[in-house]
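Pasting the structures here.
Each of the next two complexes has chain A plus one more chain, namely chain B in the first and chain C in the second.
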Partner chain A sequence: MNTLRKTFQQISRYPSAVAGSIVIALLVIVAVFTMITIPYKEAIRLWRGGEEVWYQNPKYAAPSWVNLFNKKKLPVSFTIGDGDDAMTKTVEQRGEGTSRITTLYTFDYNYDGFPQELLLYFKTIYTEKQPFVSITWKTPDGRELRIADFGVDPTVTYRFSQDEKLKRRLGGGNAVEALFADPNSEELIPLKGTYQVVMLATAFEEGSDLNAEFVFHGQVFGLAGTDHQRRDLMVPLLWGVPIALAFGLVASLGTSVLTMIIAAIGAWYRGWVDELIQRVTEVNLVLPFLPILIMVGTFFSRSIWVILGVTILLSIFTGAIKGYRAIFLQVRESMYVEAARAYGASDIRIIFVYLIPRMIPLLIPGLVSSVPAFVFLEASLAVLGLGDPVLPTWGKIINDAQTNAALYQGYYYWILEPAVLLMITGLGFAMLGFALDRIFNPRLRGL
Partner chain B sequence: MASEAQVLTPAVKKSSSSSTLVRVGKYTLVRLITLFVTVVIGVYLTILIANMGGYVDNIMRAEIQERITLQASQSQAWKNMDTETRQKFVEDKIALEVKRLGLDQPMVVRSFRYLFNALTLNLGRAQNMTSDSGSKTVRLIILERLPATLLLLGSANLILFFGSITIALSLSRRYGSFWDKLIITLSPTSAAPPWFYGIFLILIFAALLKIMPFGGLVDAPPPENRIEYLLSVLKHLVLPASALIISGLFLTIYNWRTFFLIYSSEDYVEMAKAKGLVSRDIERRYILRPTLPTIITNFALLLIGLWTGAIITETVFLWPGLGRTLFRAIGLYDIPVIVASTIIYAYLLAITVFLLDFLYALVDPRVKIGSGS
Partner chain C sequence: MVTDTLTNVTPATAVKQDQVLLSIQNLRVWFELRRWGFGHAGYVRAVDGVSFDIHCGEAIAIVGESGCGKSSLMKTILAINIPTEGSLTFDGKKLSDMGRAGTRWYRSQVGYIQQDPYGALPPFMSIQRILEEPLIIGGVKNKDQRIARILKVMSEVKMHPPEDFLNKFPHMLSGGQQQRVVIARSMLLEPKLIVADEPVSMLDASVRVEILKLLRGLQEQHDLSFIYITHDLSTVRYFSRRIFVMYAGRLVEKARVDDLIRNPCHPYTLALLAASSDPDANNALRFREVPPGEPPSLVTPPPGCRFHPRCSQAIAGKCDKQDPPDFEVEPDHFVSCWLFE
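What follows is the complex of A and B.
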């Protein structure tokens, strides 16, 4: 207990260790928060769901906070659906089963750019005769533009930019831009103010109904932006935290503890056991580490747990085992081990109760400092296209961004967000591990 | 202590010189054999992993089947044949292709053939890969990519190695100064691998400032003029080499600095300082000299490390080096190329480890070959 307090006191003297500990604590909090608020199944659904999950999101949209730094404000994406204040729906019965449904979508538009796309997602109920809608667009300066009139199937999506008739009526250019353009300006700039979409529908049957969701694909979206498949990047960014922590910690813990146990066994038994461990270490040096991981990923399984297992297996028999062995050989000769042997302690007892606990101070700094290497290893494999096919991770975001030439196209947020998180995680563990190394390693203390 | 004893008793020295020869000879033999066995086991394991215990064979067979059937269905000449003849033709072609890749023999037999060919450096022909000039010879595929890798990793690692040692030496003299503290503070940044810094460098210098290329070896199309070609290559080299250097720099400097500091607190260094020697002499004679074995080891490992290339950095920068070739070979299940890369690395490593033992004895009189290692 006393030594523990002393250690904490020493840690608090290193500012980098304090900073590292705070970063790690924050990451753990975010990881727990993520796993509670977005359960695993939900995360997988959001990550791999398909168009019906992501339809509300624009493609390649930067995060909304870029507007804070830009003078030119980009339109933020939104959706107006059932129950929103911005939508009013009135149903008027006309007799003989016919009804008239008027839906109004009202929104303010105060941006300097144009949206990517406007959509209406219809859900209709009818048995034989489909309802008929006519859509009108009302601009802030009081103009009324006819958008389209058509009969509506049970589920149908109306995309403003893909309606050729509308395009021709608006002058042949981009229809969405024409709807927002200021008619009094020479340049193509949007007219700011309150817009309204008026949807008049006539249903011809008893019990027939029509609902539509108005989806506005702006140029920025949410806190993290979206990728090429309209996925909200917030999901992989958040879920990347627990995955990176789990991979890094399990790999470094597994590697260092197993290395230590094997080194202790070798040093205790000596003879052929020790010799075998030494030879295996030498063989392992010849094996190409990354190519083997790539081979396992390419040929066998890209599951993160398989990769984790192989990583640990290949990382046990490295140079570290020789260092531990040298120290164990010294400890083995010490008096208290002699005493343990005298009272008849078994080999296993001596190894696990007397030898290994002695080394824990040496183990901890190495364990903490090797976490970033494993976190980055997972990301590296993902960058090569060998990331886990199911899990949303930071490496996969970078891989998607790379294959879609994000840097070339100017989607910087796409790479920067996961990269900054990776950097923070790596630095947090590296700073703490570095300080611990200086605390526990008396030879370095003064240096 | 040992040298003192030898000086005092010259009579003993003579009888020990012949035993030294025996000891060194015996040590050399044992060391060579263990290293060779290590290489054999390591390479054989790699061969087995590259085959995944027959798993890859199934993938390859399925792939051949699909490719030839597709070829048959698209070929104009084969369309006129009747179904039976065509079926037989397709089957013959599949059998031929299976035989060409050696898939008709069991894996155990093939694995030993791969091993034997590898050990005799008979690298053979690639299964699916071709070099840019169209050759299927593994040696040519590797030789074609070697210069690019040597250029990138060689320049980056040499700058990193000598730069960090020079800086570390001067830091160990200015222990506790601002620069010393700065390096200590920055050293955790080496937790990130080179490709990671590469992405940032591309973002800043290629995407935002537009003064550097995004990747590749030369401009497209390559300049005709030889000097322009060279300049173009150098321009493409800057970003990936910087990424490699930045990633390693601070931790390497820190490690060397700490290492030198430990040696500069030795008594004989204090003594030299007290004698009033110039700091350059102290560095050269009293700090660099005893640390020479470590410096040489690191340098040798650096040199053979060049061979493996930097798979991910090369991929991120589209640099046509060995690392990317190896990555492509794995994607194409091309065992000969994978094995060739492994065996050359294994041999280089074994030879280096073997030679280092003797080099230690040469540069450090305290080390005796074959005694109690």
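What follows is the complex of A and C.
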């Protein structure tokens, strides 16, 4: 305990170690926060749910904060639905079961770009006679454009840009752009101001009702943007934190501890046990690591736990085992081990109580420094298409971005966000690891 | 000055002289040499035909120069090395027949005091932990019992107050205190035999006497048998009754300390006594004869008497051909040398 307190005191003397510790602490906080606010099931639903989960999101939308760096402000996505202030719904009874439902959607538009798409998601209640709606578009300069008149099925989506009639009526171009375009301008620029969608519906039955959600697909969305499937990238970015930390820490801890135990066993028993461990290590050293993992991923299972297990297994028998063995051979000849044998300590007790504790100071810096390697490994496997098919991870985002040619199409955010997070994670652990190495290895201090 | 204090004390006399505690018969400890990791390349004959008995409560000393096999003999007695040949009988039971539980019991009966107290204590354990270890292994499950025993032994080795030391680490103690911890550790399981490997050679002269007095006191108080291994003859008299001189894996002379000092017989013993340091100003002017050459290789020891290449009185045709047996020159004084045939 004394050593621990001393270590913490020494860590505070290295600014890089403090920075690294802060980064790691933040990552842990984010990980815990994520797992509490977005439980695993919810995360999987948001990540793999399907179109009905993601319909409110635009495709390939950059994060909203790009507007901070752009002079040309891009439209932010939003949704107006039941209960929002921007929506007013009035129902007027006309007798004989007929009712007239007027719904107004009002929104301000102050952007320099055009939205991707406008949609209306209808939810209708009726038994035989469909309600009938007519939709009107009111621009800030007072024009009123007729959008469409149609009978509504129980659930139906009306997409403004897909309506051929509307397209023809507005001049044959992009209907959404035409709705926002400034008629007085030569160039195609949007008219800023308050727009209104007026939806007049007539229901022909007692108890019949009609509700619609107005969804505006802008060009930017949320804090992280969206991908090719309209998924909010926030989910995999946040969930990537606990997964990366868990994978990195478990792999690093498992590898270091098992390596140490096996090296100690070999060095203590010597003879054929040691020979076997050494020969296995030498064979494993020349075996290619990544191809074996790819083979396991392709033929056996892509579950993150299987990959984790194989990673640990392959990482145990590496050069580290030789380094640890060299020191254990020295410690095994020490006087206190001899004394322990003389008072009857068993082999297992000597290995775990006398040999291994001596090496803990060497273990800790190595353990911390090797975390990023495993975090990157998990990401690399995901980029290669061998990531866990279920979990939302950073590597998976990069993989999606790569298969959808994100960089070629200019969706930089898509690659940069996970890449920056990977880099920060690696940096945090590396900075702390280097400082710990100096604290535990006094010879490095002068460097 | 040290020598003076030591020689004035009469050696501790054993109480139960008749009962043999440890009997070693024709013990050989050979280590196999391997070439390229396999393939036989001869043996290191570290201990080659050693026999002696130790009685209950008796203290003996084994002297000899570095590399003569003292440590291998000691480790065999501690059941760390396995004898190649010969037998080791403790309290009437053969070590080779004891089995697992028996060996554990045997180890609890033999305490071990090491030469370098700092190296003998694990640096990452507190004193309490270090002293608890033998008790945990010895099967004392109750922590309070362990602590009580530790405190008792610590006050026996004169660490006062013992509570102050429990939470310290070995590097916080002085050399003498460290050695006291080592002694306390060897005493915890109430052994019948203590093996001390040069227990004072790493200590300051001032602490040396205290530690020797302490060991002597413990030996008398608990009626311990004692094997004291050293290359320093000046400390031997302090508490050994008999002395064994070891050379190249063999015991060349076995005698009571007084007899050996008064009447050293083996040429090697003479050389060893001549070389022992004696703080006398006249020594600076006196020339001492030292046998020429080096101790022999234990892989290929010379035939016949192992000392003959260095011996000025070697009988040609005899000493270099035949192994000398033990000759009894006076009661309880054995010499392995053809000169006393």
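Please note the rule applied: the second predicted complex is superposed on the first by the 447 of 447 C-alpha atoms of A that agree within 3 Å, B and C clash if a C-alpha of one lies under 4 Å from a C-alpha of the other, contacts with A are read in each partner's own complex, and residues count from 1 in each chain.
Quick note on the criterion: a residue touches a chain if its C-beta (ideal position, glycine included) is under 8 Å from a C-beta of that chain, and two chains touch if they have at least 3 such contacts.
None of these values were measured; they are calculated from a predicted model.
**Q** Please determine, from the superposition on chain A, whether chain B and chain C clash or fit.
**A** When both complexes are placed onto chain A, chain B and chain C end up side by side without any clash.
**Q** Determine, for the superposed model, which of the two partners chain B and chain C contacts more residues of chain A.
**A** The partner that reaches more residues of chain A in the superposed model: B.
**Q** If we overlay the two complexes on their shared chain A, which of chain B and chain C does A:343 touch? Say first, second, both or neither.
**A** second
**Q** Looking at A:357, would you say it contacts chain B, chain C, both, or neither? Reply first, second, both or neither.
**A** Only chain C is touched by A:357; chain B is not.
**Q** Which partner does A:286 reach: the first (chain B), the second (chain C), both, or neither?
**A** First partner only, chain B.
**Q** Figure out whether A:94 sits in contact with chain B (first) or chain C (second), or with both, or with neither.
**A** Once the two structures are laid over each other on A, A:94 reaches no partner at all.
**Q** Let me test your reading of the model: by the given contact rule, A:427 touches which partner, first (chain B), second (chain C), both or neither?
**A** A:427 sits against chain B, while chain C stays out of touch.
**Q** Quick one: classify A:334 as touching chain B (first), chain C (second), both or neither.
**A** After superposition on chain A, A:334 lies in contact with chain C alone.
**Q** Once both structures sit on top of one another, what is the angle chain B-chain A-chain C taken between CA centres, to the nearest 10 degrees?
**A** 60
**Q** Nearest approach of chain B to chain C by C-alpha atoms in the superposition, in Å, rounded to an integer.
**A** When the complexes share the chain A frame, the smallest chain B-chain C C-alpha distance is 6 Å.
**Q** Give the list of chain C residues in touch with chain A in this complex.
**A** 75, 78-80, 103-104, 107-108, 110-112, 114-116, 119-125, 133-134, 137-138, 182, 185-186, 189
**Q** Given the complex with chain C, which residues does chain A contribute to the contact?
**A** 334-336, 338-346, 349, 353-354, 357-358, 360
**Q** What does chain B use to touch chain A in their complex?
**A** On the chain B side, the touching residues are 34-35, 38-39, 41-43, 45-46, 49-50, 52, 55-56, 59, 175, 185, 187-193, 195-196, 199-200, 202-203, 206-207, 214, 258, 261-262, 308, 311-312, 315-316, 326-327, 330-331, 333, 338, 341-342, 345-346, 349-350.
**Q** In the complex of these two chains, what residues of chain A are touching chain B?
**A** Residues 16, 279, 282-288, 290-292, 294-296, 298-300, 369, 372-373, 376, 379-380, 383-384, 398, 402, 407-408, 410, 412, 415-416, 419, 422-423, 426-427, 429-431, 433-434, 443-444, 447 of chain A touch chain B in their complex.
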